[in-house]
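To keep things clear, I will list the structure first and then write my remarks on it.
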Amino acid sequence: ADPGITDSEILIGDVEPLTGPPALLGVAASIGHKIAIAEANAAGGINGRKIKYVLEDDGYVTARTIQGVKKVIDVDKVFAMLGISGSGQSIAVMPVLEKSGIPTVIDVAPVKFLWEPPRKNVFVVGQSYEEGIIHLVNFLADKNPGKKWGLITQDDDYGITVRDGFDSVVKAKKLNVVYSGNYKKGQQDFSSDMLQLKDSGAEVFLAGGIIAENIAMTKELEKLNIKPVTGIFWPGRIEPVLKLMGPAGDRIYAVDYVEPFAGTAGKAFLEKAKPLVSEAEFKGINRYTMTGYAAARVLIAAIERCGKQPTWACTISELEKTKNVETGVMAPISFGPGVRFSNQKLQIMQADAATLSFKPVE
Amino acid sequence: MTALLTVENLSKRFGGLQAVADVSLRVAPGEICSVIGPNGAGKTTLFNMISGVLRPSGGRISFDGIDLSTISPWKFAAVGIGRTFQNLALFKHGTVVENILTGRHTHLRSTVLDAVWFYGRTRKEEIAARQRVEHIIEFLEIEHIRDAVVGTLSYGQQKRVELARALACEPKLLLLDEMVSGMNQEETEDIARFVLDIRDELGITVVMIEHEMRIVMDISDRIHVLNFGRKIAEGTPGEIRRDPAVAEAYLGSQRADAMAKAGA
Amino acid sequence: MRTGDYKQSYGELVALIDSPPVWLWSAVLLLALIAAPHLLNSYALSFLMIILITVTGALGLNILTGYTGLISLGHVGFLVTGAYAYAVLVSKYHMPPSVGFLGAGVVPALASLIVGAPSLRLKGLYLAITTLAFSFIINTVILEMRWLTNGARGIQVQRPEIFGISFDGDAAFTYLCLGIAGLTLFATLNIRRSRIGRAFVAIRDNDTAARVMGINLHAYKLFAFITSAFITGIAGALYGIYLSFVSVEGFPFLLSIEALAILIVGGLGSALGAVLGTILIVLLPEATRIVFSLFSAQMDATFTTGAQELKSMLYGLVIILFLRFQPRGLVGAWHDIRRTWVHWPLRY
Amino acid sequence: MQYLIQLLISGLAIGAIYGLIAMGFAVIYKSTGLVNFAQGEMTMITAYIAWTISTTVSGNVFVVAVGAILAAVLLGLIIERLVMRPMLGEPVFATVMVTIGLAVILRSAINFIWDAYPHGLDIGMGRGIVHLGGIGVRAGQIAVIATLLLLLAAIWAFFRYSKVGVAMRAVAADDRTALLMGISATRVHALAWAASSVIAGIGGVFFALSYDLSPAMFQLGLKAFPATILGGLDAVLGSGVGGLLIGITENLAGGYIGSGMKEVAGFAMIIIVLMIRPFGIFGERDIERV
Amino acid sequence: MPTTIPHPTPQRAPVAVPQRQGLLEFRNIRIVYDNAIEAIRDVSIAVPEGRIVALLGSNGAGKSTLLKAMSGILYTEEGVIENGSIRFRNDEVHRLAPDELVRRGIVQVPEGRRVFAALTIDENLQMGGYTRTSAEARERRDKVFALFPRLYERRDQIAGYMSGGEQQMLAIGRALMTDPVLLALDEPSLGLAPLIIDRIYEVIARLRDELKMTVLLVEQNAQRALDIADYGYILETGRVVLDGTAARLTANEDVQEFYLGVSSTGRKSLRDVKHYKRRKRWLS
């Protein structure tokens, strides 16, 4: 039989950045996995087997991700994998995953490389960074026709993807870009960058930072006494950000494919989560918890459909057959033959400083 | 006879301080020659210039027919100048053997690629070097500390290692900066014997800085006296003993009298 | 009772391995290493690979910092340059991997000429800061030279095939790493016992005296940079292959510090120390993880979100305690053990 | 023109923070001969403690300031006593490595005790925007520049004139001989760690005031260390100035060349300066005599 | 010879520790470096109050090691006192911290001077007076300047750039700043010109005669040391091999030959020494 299955248990593995600054996403995603697993276990597990979750820390260091994935596959002998760290990390473990053939659902960092070309055993839940940006920029462009644009991105693969998405809309819509910056990962002071932005006269601004960077940028703009229409991307769309931005963060736009916590779906999710996790964990919930939850739900459902004796082959083919699975945190999820990417529907949200929340606008 | 070392009008300034001023001296091959003078007279600075540690501010040094200002400091060893240091300049994390072996540097030829492979040429060369080093070790009676890390040795032991290392360079001219300081009578006698031997047997010319008058007066052929950076006297030990300027500046008149009597 | 060995000839004095027991266990170790890829699972094997790759890099740094005393805070710069040189040559221009490895050595070596130039004037930490600067600047350069390096996108790298031998499988790749690490160790030890190595050490301990011994400081310092960068670059290529994906992010600044940590924990200035230090530093997280998993049930319950942090705190603590009790590193410990062994039961 | 002034002011403001932390490095180096690789982490911890005080005890400026300073002193003393003192007399490299281990612990402590989310430090002042001739500056930014200048003067006088200040230099130069003179190296070290912790901690609190707290804050150490080198490792005064210079250079490069060039410009400036002055702008050449 | 000078029993029989009165006493001391090198084996030495005691011996004999043990800094070099005790005014002091020893009045001028190179002369002296109040320190400093006018002339100069002789004066002056009861000097004549040595020995004698200071003097220059010392010990490879009043040691034939360079035929020129001496050992 395939590994990771005993009469009473079924093991699911995961490697996430649980320490250091990126713990923000790694811990949140793992909490999402835990919620889905706890939910399934509370309902009796998968055909009588309890799910056990094996989680490893990689500290956001690629070599350790590889190590961690090998560990959960070889030593813990898990049955399937979820999550898997950042984009650079999941790209690097792809050969390991492919070679082992273990059923995997990736949810943290959806980048094209992970599903193009499609790998037999690796599925990705979410939406690509490019598409996300394109959606956001299109929305902002339609809303602010003829305006001058500014953009700043991080100098890594994440930043490039953001930039690529942006550029494609710029070309299509012939946008007038007056400022285009590129900052070093880890930069903390954005005074000169924002001064340049101001100097350029930009009226619409795509802030391509992740979390702290976007806060620093908006506050700098506040100091410079300008308030362009601002858009941020989903990794930074977490509620504590709004508190720190203060009034400067009011009405900035964001794009995402998971439901905002302020909406009914979001509230329902929190309600569901509350009894399933500890208090500290509950505080760590953010949008990555939703992506993690959705992916785990899809995986668990597929294994469940394999009946009493699930195998890798069966799980993979059942994953492939995933069709319109409702998770409550994002649009229904589907895969298909040769389709390893769920291609989630996107929505635009806007920040409300008064309630410190994001609200859907479309 | 032509001089091995000729120093002409040599000067060195440190900021406002004239450490060596207009010093000239000649050292003939095979000579044992001393430089004496009060503390701070510029003796070590003079050595530093002759051995390439410092660049002179003015003047000329020629050695064995070569103008030393025309060659890079690290080539001084190759032309035949070796020295010891007053304040110990050993490679203190290395063993005694390693320190002395480093002295053989200019006599070894192996290149990086030879070294990476080691067997063959490098090995042969290393064995030969090691053999020489063992002789020097035996000669200086430091066998018992051969494998000790130099940093843990006592002051006097370290001085011997310095001497051994300088000898391993096989210089034509050996500069000894206060070799016997910190050594007792017996050890001083050994060093004196030793200096005479290397001159007689190996033909090495020796210039030494010493404050220990017994060794200076007993074994030097010529003595140069510095004071405040300038040369104030030069001559045979007998002449220096009787020189009033030296007595005044350096020896103290009482001692000078006693020495003059003893030597006469 | 053994009280020390006595040499019969000068040849023995310069031998690399000078006593039969050492021969014996070196051979045993080698055999074990050769057998390992067939006995270990791929997780354990990945540690072996990482150790071998890291040993190569650490030996590279050891030449510069351990032997020559030139502190480098930016060695990851050479690592990443080597990895990119390999990735660009092999993945982008489809050159044979052997050429790739050569490039991975030569390109960082050339870069080291620029980085090393200030070493002719700067000392200690002042020099260290220029190496730090280099590692940051090289990242910017790589990110900017998009036409060559794909910028931040990174380059995929396949496991190589050299002279018809495929190193695709984990076992095969481990042998490649073993071969390179072994060669590096051999070369470093040989350099160390030749006049070149002595010149390095002389510069570290007392550069004035070194110059008076006829050592060309400029040449040898640059030379230490070149050799060190060459070796580190090769390690970078191996690391890139191991990661299967070369990007600036895969080579964080942290690696520079970790490399220094390896040398210090191993015992600065010793090749054996570099090897032992690597093993300790690479395996330490795994060791703390194991210790941790013994208590994991309670821990996880008590610290639902902080358990992992506790683990890395433990890692820091172990390093501190280790140095507290063994400040001269593993090599120091090794010498103590050996001395006790040789002289036992006498104390002196 | 206004553009330039704006760049200079914000450059000075961030530079002053680098400068304060850089002084922290220099104080420890000057009295122990060590580079403290945990300086950035200590700075971060102090800032987090200040934040905790502001959210749990009181948001009053004075309460927070006094609390943060006491916390920093305590942190410095504890580290010196528990971690550094046992290493007295051990090789420098091993001791420096210990600070690296310490850095690992402190870094993890942030997520362990607090969390990975960013937090704003609110002490009722410092975050407000002041307009000076049409240029917006946060009050905290003006305050940090003033604080740096004040501390620079105080520390200069301390090392130049006070007996303890001279003793710190003596211990760094030759701790064994200092012992022979009856100078208790441990007490001097404890003082240095406490002082360094406070000075850098002040920098950290100001940073939190203007830029928020995050677990990535320790990276300030990586900015400040080059500043220390630029000013001269043994020059406390120089380190402060070095920080200002780096802040300004980065901002000018960011404002006129492009943001990606900020860091490179800072490093390029350091390398150029070092080529002209190999011991930093204010550093003293090693006294080497053979 | 004055009766205050004790006569230690021969070292070979350390059976009963005899009655000795010394300001400072080493009793059956054994010192080991690094857990491996036995530098001092069972040494007993007494330094009576108000006297100068000379400690002679060849390189590596362990003289400096004894002084380091006395001033409590042995631990900084991985050295350990394995046996025996050091007593000062009849208190055991070998476990005290260096600064406490200084406060009690024991101070050592280290081998090779070790001035604080980057500090000025004035600051160096200030460090010497670290354990004293500033008024006391000021007073002491004036005395030191009176003793070494040269230091006064150069008080604002950086110590590291001074010549060897000046540094030696500074090192002694700095030690005097602590207002010592017992001053230990490790090779004070090292590297000094004859005139300066004269001056320094004059100072040492004055310290004893005028200030009633007790001095432990480690020297290679046996002639000089025995000239002013009251009592002497000779150390070889970590053991005391000979001791006695200065006059008795000077008269000893072996001492004459190996330490003073005079043989039965009078002083010989070094040029005439025809072979290396195989160092004679009193103990093997």
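Lettered A, B, C, D and E in written order, each chain numbered from 1.
In this section, a contact is a pair of C-beta atoms (placed from the backbone, for glycine too) under 8 Å apart; a residue touches a chain by one contact, two chains touch by 3 or more.
Going by UniProt, the chains are B, E = Branched-chain amino acid transport system ATP-binding protein; C, D = Branched-chain amino acid transport system permease protein.
Values in this document were obtained by computation on a predicted structure and should not be read as measured data.
Between subunit B and subunit C, the least number of touching-chain steps is 1. With respect to subunit E, maximal separation of chain centres occurs for A (centres as means of Cα atoms). Computed centre separation for the pair subunit A/subunit E is 75 angstrom, with centres defined by C-alpha atoms.
One simple way to say how far apart two chains are is to compare their mean CA positions; for subunit D and subunit E this gives 44 Å. Centre to centre, using the average C-alpha position, subunit A and subunit C are separated by 36 Å. Rounded to whole angstrom, the centroid-to-centroid distance between subunit B and subunit E, based on C-alpha atoms, equals 29 Å.
Counting partner chains per residue, subunit C shows two or more touched chains at residues 140, 143, 208-209, 303, 305-306, 309, 312. Each of residues 19, 23, 27, 155, 184, 284 in subunit A touches at least two other chains.
For subunit B, the set of residues touching two or more other chains reads 53, 85-87, 89. Within the complex formed with subunit B, the residues of subunit E that make contact are 33-34, 37, 56-61, 64, 111-112, 161-166, 187, 190-198, 220, 222, 257-261, 267, 269-271, 273-277, 279. Of all residues in subunit E, those touching subunit D in their complex are 71-73, 75-76, 97-99, 101-103, 107-108, 110, 114-119, 123-124, 126-128, 130-131, 134, 158, 160-161, 174-175, 178.
Of all residues in subunit D, those touching subunit E in their complex are 89, 163, 166-167, 169-170, 173-184, 234, 284, 287, 289.
Listed in rising order, the residues of subunit A touching subunit D in the complex are 19-24, 27, 152, 155, 181-184, 186-189, 191-193, 195-196, 199, 211-212, 215-216, 222-225, 238, 240-241, 243-244, 246, 283-284. Interface of subunit B with subunit C (complex): residues 51-53, 72-78, 82-83, 85, 89-94, 98, 101-106, 108, 110, 112, 114-118, 122-123, 126-127, 130-131, 134, 165, 169.
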